[in-house]
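Two complexes are shown next, each including subunit A; its partner changes from subunit B in the first to subunit C in the second.
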Partner chain A sequence: MATYTVHVTIENKPGISDPEGETILNDLVLKGSHKSVSKIKTAKMLKFTIKEKDKKTAGKKIQEICDELRIYNPMVSKVTIDVFD
Partner chain B sequence: MSLEPQEIVDLKSKIGREPTSTELQIVAAEWSEHCSYKSSKKHLKMLPMTGPLVISEKGYDSGVLDVGDGYVITAHIESHNHPSAVEPYGGAATGVGGVIRDILSAGTRPIAIFDGLRFGNIEKDPQARWLFKNAVTGIADYGNCLGIPTIGGEVEFDECYSNYALVDVAAVGFGKKENLIKNHANKGDLVVLMGGATGRDGIGGSQFASDSLESENRSAVQIPDPFIEKLIIEAILEARNHHLIKALKDLGGGGLSCALSETADTLGIGIEMDVDKVHTREPGMDPDEIMISESQERMLIITSKQKLKKLQEICKKFRIACSVIGHVTSGNLLHVKKGNKTFANISTEIVANAPLLDRTSKKPAYLETIQKEKKLRPISNFSKTMMALISSPNIASKIWVYGQYDHEVGIRTVVKPGQDASVLRLDNGKFLSVKIDGNPKHCYINPREGAIGCFEEACRNVVCTGARPIGMLDHLQFGNPENPEIFWTFLESLKGITDFAKYFKIPCIGGKVSLYNETPAGPIKPTPLIGVLGLIDKNSLISPKVEDEDCLIIIGDTKNELGGSEYYEYIHHFVGGNCPIVDFKESKRNMETVLHVIKKGIIKNAHDCSKGGLAVGAFELCMTNQIGCQISLDKVPGEKLDSDKILFSESHSRYLLVVEKKNFQKLETILQKNKVSYRMIGKFGGNKIQFNRGKKSLIDLSVDKAQKAWINSLRELVLNG
Partner chain C sequence: MNVGVVVFPGSNCDRDMFHVLTDVFNLNAQYFWHEKGLPNNIDAVILPGGFSYGDRLRAGVIAAHSPIIKDVQKMAEKGIPILGVCNGFQILVESGLLPGVLLKNNSLNFMCKWTNLVVENNSTPFTSQFKLNQKIPIPIANGEGRYFVDETTLKKLKKHNQIVFKYDKVVNGSSDRIAGVCNEDGNVVGMMPHPERAVESEINPIDNKPSSLIFESLLSTMGVKH
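Entry: the complex of A and B
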């Protein structure tokens, strides 16, 4: 058993609007002089620490937990899971 | 796409050629049940829609009532059931947004929001809890950000909504009569789209709402943005003040397709537009997608060339995107182009007027036996039953819900949520009282009498604040209308509502029909919802605290009507029995009498008996006033019944009045003169709520214990399961 850090990133699916990201872009970033920025998307990240036998199982377990506990809504959100040693 | 084969044939013969793909999309959106009302339109005509206070103009999305002194109120009701069932937070929030824009489109400022929420059994079903919790948060976040108070509504749970949600939102607006938008347009006027960018979200939403909900068909999700909505409200009202708006329409179900074709059809104009001019959120959207996208927070404005500049300045000031997407033409064609290429060119008269259907109806078989009573096990401990009832999700205090809503912003709220109906102060010194009510348990047992009961209950609630009902909104929610038995229940409810509205001369000023409300387990129970608006000319009844020695009087007869009651269904798990029936004459007499005694200032408090009957009504009075009461069941007027039936019967037209001892004589004189059935049944005092029959004590509970359970149980259930 080893300890892994698992990052779960939850963001709106592509094509679904992201008012928070748009507001940060328009009202903060572009109002300064950072014209090279073209897009900002907001996301929520959960950092899990988990004991599992390998990296793959750790990722799978976290995915199961998120699905079971409705940590995100699959209709709206895209979820990315990254596992770190 | 959801056009029936017959409808495609119809369309071809009407336009005399093959429709283009864009035309098919536009027609499919507009001919969906959600937009066209093709099953219900023929029948909705039976409702009385005119009255001395009703102002009707073409193209209004909301009902308008004249409240005197040059002021009007507007009101509308909408539902967002399908979207909320898959994404409760966004679905409920965008539902609020949509109904607010309907209020705005008449040129009035939205001043209050109401919501009616229905879910499955939250005691057993975690999915129902999740839907409930998130729908409430969605409404709270959206309404609170806009600075519009959410001041009333209702929450109900029933197995028939398992894996589903009914989210109904009503809104009320207020403004000056002279500022109402008089929808009109002339050739050469400009068509402007303002607000949020058009994206791929919510594509095909109106068709989605017209299909039964199946798990693979859950693509239409809309994301709320209350801050744009707030800017739109302010920008539109400023543009209105500068007389820049000739016609105004909210983009709701069916997106641009419906907004353009309906506007063109009602105003008798044609519209030519270029999809390249629409500001989109992402590149590469094709014309079909742009036409039927249901992206939120968008408004369609028709303005003249001279006034465009000023309108653009206002939009710029509020930092809202606005684009001129086309212009008004003569004739009645909706001409959709992309650059020079034509994608659709079709008569709006054809698009906006779907072929109406004659659905067949048949009395459902289950109704033959459902009114049969069953021998129920006798109650051995009424105090225990009472505790169970006041802690049950349908009866427990909804403070966990309305506590999350800002219900005072705007400083109009005179009577806050938690009472029979909330009351708003209007600028002309009058007061507006509003309530929405539904009762699917009654409507399931008797669709006609149940619907009438909802209407009467909403009236009773409004009357308890001292307001006279002046208008109503109806929201008719049923399952799949292609099933004759379901369509029969729809027609029966509608006929009942019509009869009541005509008898009481309360015009229907707006409404909505939502069909195809089906869960994986079958159709929902018939759920008509009635909103009643009442006007108070002078002072609203603001109830002073109930004190020792005050008397409790009941008006109206208690009958053997427990079918669909909380007592039968929650305590005995029995669905059936006699549905309460409203006697129109008695109802009117009681209503007029209560209004009269409130106006005279004789009584301290008026409360209606509804869910849970007399027992729950009296408990609510005691718990909100933190005072005990000793009540004798022998004195309750009506049929001679068993104790449990007197306590929990849900007969209509009953009111509980609280009067100071010294005023009882005065009250009695009026009640006798009006030939109202009444009795003094109890006296307030002490800290125990006691119900006795003869010498036998039936219920004996301390106010504190009851109040604690009543206030906390819903929150406990939602948060801790």
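Entry: the complex of A and C
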């Protein structure tokens, strides 16, 4: 068994408005004259620490937890799972 | 008639709801802690507003896993009237008893103000005493009150007459200005505004009668004279 850190990023699906991201873009970044930035999306990240036999199993287990306990709401959100050694 | 008021860690409208049920409508109300079960002699269940678990992760999602929710689900299947107000609505949505999701208000603000609802469905146990399209002046108090459903679900809601209340104008960016919905059977109703804050003339400067009809509808459904 090894210990892995798993980052779970929860963000709105495409098409679901993200007023916080839009405000950061329009009222902070673009007003700060950083015109090369075209989009900002906010997200919530959870960092799990988990003991599993390998990296793949760790990612799979975290995905199961996210689905079972509705860590994200599948109607409006998606999750991205990144496993680190 | 016995009405159960479910209390979660962080509920803060439970006492207001209890007061209205007992002192205004003379009902036999009881509190039920979320870790307990619901007895069989309960005739209706109310999930009050508040900030269960401090809205951590997402409003209502942690409370939706509370042990009492299994009993609420069983009662919902039996056709017992169930009302979720504000955080109670969020919990019903997150537990799968009602469709949709409640997102942060478009303004990103916590909104605490009087709104006007329009009754879209007067065949639920909580709206039977209303006329269709009747207006209800009623306050909202929420940060995550923007009801959202995708287009497919919205069509289903319309088909099954599940939209119970709409705001009379755009308030927070909700899909189709929806403020409250019910399940397909109509016995489970969720709404963001707070009827328990609007049924007494002392705290309702506009008109307390329409909000009272929400509770009078329940009394009428259960055959209780008021």
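Keep in mind that, in the parts below, the second predicted complex is superposed on the first by the 85 of 85 C-alpha atoms of A that agree within 3 Å, B and C clash if a C-alpha of one lies under 4 Å from a C-alpha of the other, contacts with A are read in each partner's own complex, and residues count from 1 in each chain.
By definition in this document, contacts are C-beta pairs under 8 Å (C-beta built on N, C-alpha and C of every residue); 3 or more make two chains touch, one makes a residue touch a chain.
Since we're looking at a predicted model, the values are computed, not measured.
Q: Specify the outcome, clash or fit, for subunit B and subunit C once both structures are aligned onto subunit A.
A: clash
Q: Quick one: classify A:P19 as touching subunit B (first), subunit C (second), both or neither.
A: Touch partners of A:P19: subunit B and subunit C.
Q: Just checking: does A:S36 make contact with subunit B only, subunit C only, both, or neither of them? Give me first, second, both or neither.
A: neither
Q: Once the structures are superposed on A, label A:R70 by its partner contacts, choosing first (subunit B), second (subunit C), both or neither.
A: both
Q: Between subunit B and subunit C, which residues of subunit A are contacted by each of them?
A: 16-17, 19, 23, 70, 73, 75-76
Q: Residues of subunit A touching subunit B in their complex?
A: Residues 12, 15-19, 23, 26, 70, 73, 75-76.
Q: Show which residues of subunit A lie in contact with subunit C when the two form their complex.
A: 16-17, 19-20, 23, 69-71, 73, 75-76
Q: Enumerate the contact residues on subunit C facing subunit A in the complex.
A: Touching subunit A: residues 57-58, 61, 64-65, 94, 100-101, 103-104, 106-108, 148-150, 153, 173 of subunit C.
Q: Considering the complex alone, what residue numbers of subunit B touch subunit A?
A: Residue positions touching the partner: 86-87, 89-90, 130, 196-197, 199-201, 218, 221, 223-225, 227-228, 281-282, 295, 319.
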